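Paired with subunit B in one complex and with subunit C in the other, subunit A is shared by the two complexes that follow.
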Partner chain A sequence: MVDVAKLKEIARETVSRDDVKYLIGWRQGTFGFRAAPHFVNKPEDVDQLIFSPLCSHNLATYLTGVEKLPVPRGQEADSRKVALMVKGCDSRAVVLQLVEQGYGRDSVVVIGCPCQGVVDQKKVEAKYPDMGENITAEWGEKTIIFNLPSGKTEVPREEVLAGKCLTCRYPNPLLADAGAWEEVAVWGSDDYADVQDLEAGNPQERRAFWEDKFASCIRCYACRNVCPMCYCEDCILDRLNPQWITRAVNPTENTAFHLSRAFHLAGRCIECGECERVCPVDIPLMKLNRKLTKEVRENYDYEPGLDPEAKPLQASYRPNDKEDFIL
Partner chain B sequence: MDILKLSKDKFADFLATLSEQKLYAPQKVGESLRFAPVTENSKVELDMANTTVPPKSIFFPQTETLYSYEMGNTEMQTPREVDEGIVLGARPCDARALVIVDNLFAWDVDDPYYQDQRAKNTVVGLACNKPCVNCFCLSVGGDPASTEGLDVLMTELEDAYVLEPLTEKGQKLCQSVAAVTEQAAAEDQDGAKALHQQAREMITRKIETEGIPEKLPTLWDNSLWQETADSCLGCGVCTFLCPTCHCFDIQDEVEGIEGRRCRMWDSCMFKEYTLHTSGHNPRPTRRERTRNRINHKYSYFVQKFDVIACVGCGRCINSCPVNIDIVEILRQAKEAL
Partner chain C sequence: MNNKPKIGVYVCHCGVNISKTVDIDAVVEFASRMPNVKVVRDYAYMCSDPGQLLIREDIEKEGLNRVVVASCSPRMHESTFRKTLAAAGLNSYYLEMANIREQCSWVHEDKEEATAKAKKIVYAAVAKARLLEPLYEKEVDVEPATLVIGAGIAGIQAALDIANAGFKVYLVEKTPSVGGRMSQLDKTFPTLDCSACILTPKMVDVANHPNVELLAYSQVEDITGYVGNFDVKVRKKARYVDVNKCTGCGVCSEECRLKNRIPSEFNMEMGKRAAIYLPFPQAVPAKYTIDPERCLFLTRGKCGKSPKCVDACSAGAINFEQEDEIAEFKVGTVIVATGFDVFDAARKPEYGYSDYPNVVTGLEFERLVSASGPTGGAVVLGEGEDAVVPKDIAFIKCVGSRDASVGNEYCSRVCCMYTAKLAHLVMEKVPGANVRIYYMDVRAFGKGFEEFYDRVRREGIRYIRGNPSEIFKRGEKLVVKVEDTLTATPLEDEVDMVVLAVGLEPRKDAREIIDILRLSQSGDRFYLEAHPKLAPVDTATDGVFLAGCAQGPKDIPDTVAQAKGAASSALVLLASGKVKIQAQISVVDQSTCRGCGYCVEICPYGAIDLVTVNRMGNLAQAAEVNEALCKGCGACAAACFSGSIQQKSFMDRQILPQIAVLGVM
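And then the complex of A and B:
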């Protein structure tokens, strides 16, 4: 469990440091069950920080997504650290970003927040529709407590938590410089039931399933932009020459887009589920990612983002690696 | 022209009659709702808050072929004639958005592709009986039962719909469904009006727009834009789902000896939107891009066409992955300085 008061204390100390540029955490949102990323630039901004079951966002994406302007002549680049609050799944993103040398270890301060699961907006909005005012939430004993206008309501966690949290095996941060917490017990186990459904079907059925889902894609690229592991400066999707995937929105290009995205995350997806959360047309993207995660685990006994000293999957050749897929 | 009543048990016949022309209506595509052509197997969903993708996609498709060509042939092929059609179930905010966007597509040049679709389609609106939590149409000149941009306004009563024709096209449509409808009694018409009033009272989100178009450009260097952009992911959710966003890119798609020139939705939130060939980008970060999005809707468009390019549908608020909230931004802008 996280002691939020203590966490705020740590946050206050951290943003007061001369070598820290800002801290990224969460705050309450503007309506319903929403929280929002919160950029803390000065100690007084700490007051708005929260850590609750509404804190879905994986903030690690802001470490690699920052847009840097050229430094004006005569000035030096700002080399201060960025402080970041991470849940268990988020910490895997930081670990893998470090493994891939996305940035240096000394450029971040990681504040750990063990997590008992975050709510799925769609589930909770279906359960309590039409909530105009912003609702706060907290964790109970195997429950989520919502402070609704009508009073406190306690709901079994299975009813409102995101799917990824129900099978979570890493609720505790795997990397942290600071934190105010006791570890939370792992209560999920993962048998990839969501992937097995699809695997059971024949190729025609799978094709029909994905054609239906991809047909609704509007190519807003929210899934790519929110992904903490999608941080190539020159993305295949933005390339015009050669244009690997055209801007035209049609079944062929949409399929090429989603398969490219999934394959670029093979052995790299840390299963935070952000792509699926942000999709405005509800494409079940984690089914694709998790199929690849499962393959990687079964074939290479590899899980990304667990060990900062590990090598990336594609750089970790072993002579006895399976190669029966090579034609 | 008479106001009609369509009993719900005749709705299937009504649909069948309308389907004699090309008919678009809200349907589930994948897991989301959008306007799609009605076919025999379609399940039309009018029991909805609103569609995920606005009906602008009919008039201004996400990908549209302007013309096609092939090697060895100096003639370009322009697309076939557009059929007359009906758009059923557009929310009044989305129909108002069409009227706003009409300004743009008739501005420096008449856009034949858009204008053809507008002229040939009859828009049947569905008044909002239950606005969603982020609707704020009343603040930007709209109304849950606004008739702007509509040919027919439909209001759902408990066991029937009331159909009010508003234009010549609307009257024609109403005549075509005479066999399945009856004249609406005074009490049905009053019932519809009562529902409209009830819907107005359900809208809680509000912004004060007075002075905003003049004030926004004065906040050019305000910290508001950086603070808003801090969490922005730079995706296209807010712009692609916006019923008034109308920016497009034009690209050639060539395969073998055949090619086509098409236009596709573009988003001012994408970093390559204003990227020059030289590598220079006048809107280099999300701060400038966020500032532009809000300024364009609430200031530049107003200066040019005297109307705010936002209809208060709430889609950008509902779907933003990081809870960037235009009502909140405008509140802060109003308070700034």
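And then the complex of A and C:
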């Protein structure tokens, strides 16, 4: 459980440091049940920080995604640290980014926020449609409390939390420099029920399922852009020579796109669920990612983003690794 | 030069290897219609001189600038045809092989379908040939020196050969003396030469050779670099004795308070030594060493009023302040001759090695019969007044060899013959001895081995075929329980002594060298050679060679032969002074590299590092390939997410058109 007042105090101290460029956290959004990323450049901006069940964004994506503008001649690049607020799942992204040497450990200040689950916009909007004004929320005992215009309303957490939170095994940050918390209890468990549903079908059924889903993809690339693990300087999806995947929006190319994306995340997906959250056409991308996560766990006993000293899956080899899939 | 592709396609019949399943004429006709193809020819054996001449003449007369040879696997003849191109003045990397033998004619029966497939393979090769780029093999200088790790007979022999050829050798030995396992042996089979008599002259030679720098009691800590240019770091462990002052007189050892208290490693812990010691009388260098784990002064800070060795040493050589030193030097080649460990007989508990003092291993028995051993060469059990001479002696072969239950499926290759030799020595030293040897098979395969085996049988040694199941004690005797499998008779053989012919195993510290040199291990856990037949002393790392039992069990003649082979392989590099490095190496596009380091982790040759690059004033990490280390295996290219690291001659822009033509046929 996080003491938000204490958290703000830590944030204020952190932003005031000379070696910190800015802090990335969350603030209340402008309508509905939304929060928004909040870049705290100066101590007075700290007042707007929140940490509530609305803070679903994985802010780690900004660490690698930030555009680096050319540095004028005679000047030096700003090498100050970036401070970042992380939930449990977000911290796994930071860990894996460190494993992949995206930046040095000393170039980030990680502020840990143990998390009791964040709401799924789609679930909550279905429950309370047409909320024009912004609603705040807080955690109760196994419930989420919404401050609706009609008054405080408490709902069981299972009804409104995101799917990833219902199976979450890492609600507490795995890596943090500071934080004001008591660890929260792990109450989720993961049997990959969502993946098993799909595995139960035959290949034709699975193909029909995905063809249907991929057919609606509009190739907005929001899933790629929001992913904290997708940070290539020059993404193969954008490349023209060689052009691995054409830009045509049709089921064949869409399938190639989604399978490439999923494979590039095999053994790397830290299950923050951001891709699925931002998809405007509701493709169940986590089903695809989690199928690979399940394979990786079962075959190689590996979970990414737990240990900053671990080698990446693709770069580690054990003589007894399974290889029965090699023809 | 006008680089518009002019491609020549050469289709090989390979006798009938290809032509019996592939319609050569149809492939030729098809190839002649492909874009940019100027000449198409077929020939019975393209790799023959007349076949190669066809290519040369076309390059010269027709002005071909790309060549496709449709024949066998590039592993067979790519280098042949590369030379053909070079001889005609064309860059040899303008060659593309289309494998229509291993990947087509040999694996198909239907001629029509095989022909269709051959056409596709040739078409794909032509598509790629258009996009080939010239590559140039670079040369690097070779540092004219060699590091030899391990100074057993293999290391000594390799060092001597290289030193005699006029090159510098750094010979590093972990223990205080050179000599290795061979120095522990009494006689050598099958000629019964005295082991020390043939070894010690070489030990002295190698220590005194002007080109050899002997680093005894030292350990290799780190090796970086690549063929021709290895940087070596060696830790010279503190002996606590100034080797320049020590005369090797041995008074210190006589005076040591722990004299005759510490089991001697050289005598397989049967004899005793002092804390300051010379491992064996002929040790080279003949300098004393203080055992830092046993010495009272070093372990407790106190040895009587003052250490007796210090008082005894008239040369003032003892220096308890001495510290480890680090030696750093450069070499061009490395020879790994780190030897073996003997199998730990305690891992076969049914033989009672841990329980009964009169069950000994072959190497222990070797010390027992040796004149320099704990008993002065007398075969006796027990000490002082209890000493008895064993009359009934049983040998058991294949202990820890050819035995999947202990994880060693291989034959150790020396036990059959050393057993015969030891049995012969018993007959010589114990009149009236009754010796039997329990065996699975007798492998007397070497020069003079079968004759020696015959000789010992004629001396009255009995060979009984059977693998004992158990050894237990009955009264004063040991009972060997076994079935004679030739007569199907169960036996309970009562003996005074059992000698276990233990096999050879990879050294327990084999991992250290693997980590330093990135060597591989074969299934038997010994170091892996580059090719079991054609490159038996080479390793996957260029410039690193193997000698002796580090690569697998072998006897002394084979060890010496391999050491000489490793030395001559090293000398090839040292004498030429230059080494050509791979041209088809990986290249990094540092502007798109995301610096995740997967390629660094994956590279089996340690050829990739992350370096800091400047992107418009912003510093970022990007991969960089060390051209001399890269072997062009392509593992990094497969691992790269953004396609930023690729292998020359196998770039995406070259391979994708190759795949594309297959799709549109």
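Please note the rule applied: the second predicted complex is superposed on the first by the 327 of 327 C-alpha atoms of A that agree within 3 Å, B and C clash if a C-alpha of one lies under 4 Å from a C-alpha of the other, contacts with A are read in each partner's own complex, and residues count from 1 in each chain.
The working rule: a residue touches a chain if its C-beta (ideal position, glycine included) is under 8 Å from a C-beta of that chain, and two chains touch if they have at least 3 such contacts.
The model shown is predicted, which means the values in this text are computed figures rather than measured ones.
**Student:** Superposed on subunit A, are subunit B and subunit C clashing or fitting side by side?
**Tutor:** Here the two partners, once superposed via subunit A, fit next to each other without clashing.
**Student:** Taking C-alpha centres, what angle do subunit B and subunit C open up at subunit A, rounded to the nearest 10 degrees?
**Tutor:** Once the structures are overlaid on A, subunit A sees subunit B and subunit C at 130 degrees.
**Student:** Touch check for A:Gln101: first (subunit B), second (subunit C), both, or neither?
**Tutor:** In the superposed model, A:Gln101 contacts subunit C only, not subunit B.
**Student:** State whether A:Glu205 touches subunit B only (first), subunit C only (second), both chains, or neither.
**Tutor:** So A:Glu205 meets neither subunit B nor subunit C here.
**Student:** According to the stated criteria, A:Arg34 is in contact with first (subunit B), second (subunit C), both, or neither; which is it?
**Tutor:** A:Arg34 sits against subunit B, while subunit C stays out of touch.
**Student:** After superposition on the shared chain, which partner residues are touched by A:Asp234: those of subunit B (first), subunit C (second), both, or neither?
**Tutor:** second
**Student:** Tell me the contact category for A:Ala215 with respect to subunit B and subunit C: first, second, both or neither.
**Tutor:** Once the two structures are laid over each other on A, A:Ala215 reaches subunit B alone.
**Student:** Would you sort A:His57 into first (subunit B), second (subunit C), both or neither based on which partner it touches?
**Tutor:** first
**Student:** Of the partners subunit B and subunit C, which touch A:Asn225 in the superposed model: first, second, both, neither?
**Tutor:** In the superposition, A:Asn225 touches subunit B alone.
**Student:** If you tally the residues of subunit A touched by each partner, is the higher count for subunit B or for subunit C?
**Tutor:** Touching more residues of subunit A than the other partner does is B.
**Student:** Of the partners subunit B and subunit C, which touch A:Lys311 in the superposed model: first, second, both, neither?
**Tutor:** A:Lys311 contacts subunit C only, not subunit B.
**Student:** With the two structures placed on a shared chain A, what shortest C-alpha distance in Å links subunit B and subunit C?
**Tutor:** 5
**Student:** Which subunit A residues are contacted by subunit C in one complex and by subunit B in the other?
**Tutor:** Correct list for subunit A: 69.
**Student:** Can you name the residues of subunit A that touch subunit C in the complex?
**Tutor:** For subunit A paired with subunit C, touching residues are 68-73, 75-77, 79, 100-102, 231-236, 239, 241-242, 264, 311-312, 314-316.
**Student:** Where on subunit A is subunit B touching in the complex?
**Tutor:** Listed in rising order, the residues of subunit A that touch subunit B are 29-32, 34-39, 57, 61-62, 65, 67, 69, 130-132, 212-222, 224-226, 238, 243, 246-250, 274, 277-278, 280-284.
**Student:** Which of the residues in subunit C come into contact with subunit A in the complex?
**Tutor:** Residue list for subunit C touching subunit A: 591-598, 601-602, 610, 615-621, 639, 641-644, 652-653, 656.
**Student:** Which of the residues in subunit B end up touching subunit A in this complex?
**Tutor:** Going by the criterion above, the answer is residues 29-32, 34, 52-53, 62-63, 132-134, 204-205, 227, 230-231, 233-237, 240-241, 249, 251, 253, 262, 264-265, 267, 270-272, 284-286, 317, 319, 321-325, 327-328.
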